[in-house]
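Here it is: the structure, laid out below.
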Amino acid sequence: MPLSRQRLPQRPPEPGLRQKLYDIIFEAEDRWGRAFDIALLIAILGSIAIVAMETLPSVRTDAEQVRWLVRMELALAILFGIEYGLRVYCCRYPLRYIFSFWGVIDLISFLPSLLVGLGSSKQNAFVIVRSLRLLRVFRILKLWRLMSEADVLGRTIWRSRGKIVVFLSVVMVAITISGTLMYHVENRPNPDGSPSTSGFTSIPQSMYWAIITMTTVGYGDVVPTTVAGKLISAVLILLGYSLIIVPTGFVSAEFSEARREQRIFEDSLPEAPPRFAKVSCPGCQAGKHLVPAIYCHRCGTRILAP
Amino acid sequence: MPLSRQRLPQRPPEPGLRQKLYDIIFEAEDRWGRAFDIALLIAILGSIAIVAMETLPSVRTDAEQVRWLVRMELALAILFGIEYGLRVYCCRYPLRYIFSFWGVIDLISFLPSLLVGLGSSKQNAFVIVRSLRLLRVFRILKLWRLMSEADVLGRTIWRSRGKIVVFLSVVMVAITISGTLMYHVENRPNPDGSPSTSGFTSIPQSMYWAIITMTTVGYGDVVPTTVAGKLISAVLILLGYSLIIVPTGFVSAEFSEARREQRIFEDSLPEAPPRFAKVSCPGCQAGKHLVPAIYCHRCGTRILAP
Amino acid sequence: MPLSRQRLPQRPPEPGLRQKLYDIIFEAEDRWGRAFDIALLIAILGSIAIVAMETLPSVRTDAEQVRWLVRMELALAILFGIEYGLRVYCCRYPLRYIFSFWGVIDLISFLPSLLVGLGSSKQNAFVIVRSLRLLRVFRILKLWRLMSEADVLGRTIWRSRGKIVVFLSVVMVAITISGTLMYHVENRPNPDGSPSTSGFTSIPQSMYWAIITMTTVGYGDVVPTTVAGKLISAVLILLGYSLIIVPTGFVSAEFSEARREQRIFEDSLPEAPPRFAKVSCPGCQAGKHLVPAIYCHRCGTRILAP
Amino acid sequence: MPLSRQRLPQRPPEPGLRQKLYDIIFEAEDRWGRAFDIALLIAILGSIAIVAMETLPSVRTDAEQVRWLVRMELALAILFGIEYGLRVYCCRYPLRYIFSFWGVIDLISFLPSLLVGLGSSKQNAFVIVRSLRLLRVFRILKLWRLMSEADVLGRTIWRSRGKIVVFLSVVMVAITISGTLMYHVENRPNPDGSPSTSGFTSIPQSMYWAIITMTTVGYGDVVPTTVAGKLISAVLILLGYSLIIVPTGFVSAEFSEARREQRIFEDSLPEAPPRFAKVSCPGCQAGKHLVPAIYCHRCGTRILAP
């Protein structure tokens, strides 16, 4: 897939060891490059799993386990540090990499753990790191870079951005109106004068309910209790149910159009490859039948029913 | 996007200050017009946030905060009043604007707050306004006018209206049948003679359950408890799950058709622009390659894999 | 829409009063026919509302209200009886109508109420009718006949039936496997030997959970409580979330194909109407511009941006 | 549908009884083959129902019912054993079948029940089998083989695999980020110093919440309780709600493309059948009108409105 080259932060450097390293780390087109990417992916997932496990109640109370997890975290941070160093080394213009979006994420993803691991293990430092660790989750975003399919996805969504903004505006208006309406309908004192025990305690809370409901999540922590409230929410839900169809429709149309353009571009090339039917021969399992073929080119079995 | 002009309530007035104001307030095509629209949008969102915050339990008990919110509300209402006056002033046919759909909404969106703010702050008046405030939410509907993409959305949905009516009828029939069925299945006295404790207390309540379930919201406040009820609801849910596919399908098809018509219309123009491939050169990042191009027009790198 | 004629149960009878009645009752193409259909629709919805209201706890205890509802029910049943008689009268081949699908539904929809209303009002009779009333819900199915769009919907779904069967099979297999798996994972005795308090009490119950979960309804009445159970259900949910995409995709493709065939059929007609662009003139709001038009045919304003 | 032949594990053997058996068991193209497949399907569903029923609390305590179910299970296992023997017998290369994917599943689906049924009925043996029974659920996977439509589905999904991987990666990143964020926002001690009673007890638990929420399942067992938590989850839900649109879009486009290729392949055949309009005559109900037809070929009624 030649499109993947687009994502290069800069041109490759001169041939030699650096060129070889560059190919492995940035390109992922030969055996070693792919192996490196998979190892990196496993390391990233591992480091996320470690952070997640440290918060488990059963782990937090066990000092021994915490110590082991901190050590593994440190080891992974060192590995990511080495990877970062190699990336800087093998780029022709290291500064361009360092200050690029991915360069900053690569740095942030290992620096906090390294600083905590090498420095003191005071409780205060941990609190600061805990919030910095949030950013470490971005590490997995590297995955994104590895796949060129993301280009098509991103471009198609970008072309639908106008309609998406309109759609989200309509959803926001619907949420605001229904939240306000439900607050007024549900939040009235009981006939005996005692205050309402409904979950719709304020307009923001009612708007939270509207979001939970219109997206069909439906936790059930805030639920209409009056007859009028149930009637209104039934109408709102049916509307919300219909709303989701609209963006699905225009994004689908945009993807179809992207698919069509891709086909036209491919067909317009002089050395356009012959089109093959997507069937294999029922007699000999051979594939690669040209589109107007009726009989198998290898064994003569009829491919298509008369 | 020239389509946005369609939404003008009337032709622009004679040149001069009024024309200038008209361009800023109604057109949003130059820098000042866009700035005005964004400021208006922020003001609308702010006024909605104020109304929402006034209902928060922690705010309602604090007289100081309520007073501040009422003041900000009044300030925004005055601003909206000025905006309304300017709109009336710069139209050539003010009456046409005043009695148009948006004119009425513009008026309603600020009048109640202004009346309450200038008049007495009696508790009774507040109760009346509270229901009028509901209408103020319509203010955000102005957003709709700002975006021409809404035209395409609206037209496509309009062309699918026949199928949408059929679909909603089928959904209504399914809700009625399943609501009635579940009421009879779930709402029978226990074996020991005591009345049923099931949530399916009446057919309307069961229909509410059917809506909550078939749209996959699933609050869990009404839930089948008998074996037969669970069996029937499992079947209903699988049916409902399949139903949602149908409208998605035909709305998608309609959007594809709209997309196709748009393309045909553009292609049929004499000065139709050349079609560009959606790739940039892997060598020099140049874009704008004509569709049959194989090599980059700037650096000669091959754009497409052989 | 000429397709609506397809639904006729038989050919129209000879001209005269019967023909006139036939046109009103079966055709819905002139003013009277449409008025009849709307009146019938309101009557059907009213009769369903009456049955639903009779089951409300607050209504059931009030003898006066029950008596009124029974009377209205009887009145509507008599009206439906008259309608049935007219349908039989104005058909050329009444027996064909009587034994057709809609004929049977028309009869069942009013007969039970009529029998109960004319007969004794004993409590026992009511119990029998209560189950028969279920069938009366079918009355609303008449709606279906009124809309010709249903043809396109039905045909498209019919053409996708093979894929739908495969899809539902995959869903059933997924439900069976995940139900069995979750039963074994969640339903084990606690470490202290007491029996499990999990909601996964049996494989059918676990399959009910799997249906509620994979369709994203998510009541929350049965919920995984063990770590392993949560892990497995997270995987299942992500799979189920991906599954719903597949049928949406192929039904959309089938609808696009149906839309395309319709267009080809229309384009192939000699008197095919000229294609109009879907824009109106920004200058004079005139519509109906031929597809290659660049300037408005009425005021000369440019329709399309250069 | 000739594509179904593709699934043959090997070429059919020499003519005679084995050939006849082979046709019935593997082919399902004549009356006997189809009857065999339906009988097999019913037997598979029956055996799954038996295993499911054995776990019902009301059944487990009734020794008589358990004995009957075990006997029926044994009978079905023997039937499946016979079927397996016939499959091995009528294949030309039995080893190829035995070690194929379906061969192994066929064997596993009946062997455990048979061993338990013939051996001792000790309680211990039952515990082992209970876990083996899990695998017996695979039996229903045979259904898959019976339908050729699955080929198209499988191939289309396979062609979208790149985009699906990207999409699932984005979903995983979103789940990780939102899980970590919500853990830090929700899981802080109360103002009075007591530990938080929120359901977000750890990052894995928060990620479980994120999966349940973003897929719109929404059990409600873990729910945000703080204002900040509700705000963040509202944003996350709206994002998740938008995310589901993307894969639906590109899978739809891929299906449209597959549909188009199928049409082109069919159209390119010399003996391509004439295309018929999808209408029947309003006058005489005749179908099969050629695409450019305007009047019915049987009764002369106009088919299309002027």
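Letters A, B, C and D name the chains as they come in the text, with residue numbers starting at 1 for each one.
Note that in this section contacts are C-beta pairs under 8 Å (C-beta built on N, C-alpha and C of every residue); 3 or more make two chains touch, one makes a residue touch a chain.
Here the structure is a predicted model, which means the values were calculated and not measured.
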Superposition rotation for chain A onto chain B, Cα-based, multiple of 5°: 90
Answer with same or different: of all residue numbers used at the interface between chain A and chain D, are over half used by both copies? different
Please compute the C-alpha centroid of chain B, do the same for chain C, then give the distance between them in whole Å. 26
What's the distance between the Cα centroids of chain B and chain D, rounded to whole Å? 36
Please output the residue numbers of chain A that touch at least 2 other chains, ranges allowed. 204, 207, 216-220, 248, 252, 254, 256, 258
Okay, in this complex, where on chain A does chain D touch? 48, 51-57, 130-131, 133-134, 137-138, 140-141, 143-144, 147-150, 152-153, 156-157, 164, 168, 171, 204-205, 207-208, 211-212, 215-221, 244, 247-248, 251-252, 254-256, 258-259, 263, 275, 277-280, 282, 285, 291-292, 294, 302-306
Considering the complex alone, what residue numbers of chain A touch chain B? 1-3, 5-6, 8, 155, 162-163, 165-167, 169-170, 172-173, 176-177, 179-181, 183-184, 201-204, 207, 213, 216-220, 223, 227, 230, 234, 237-238, 240-242, 245-246, 248-250, 252-254, 256-258, 261-262, 264-265, 268-271
Residue ranges of chain D touching chain B (in the complex, touch as defined): 216-220, 248, 252, 256
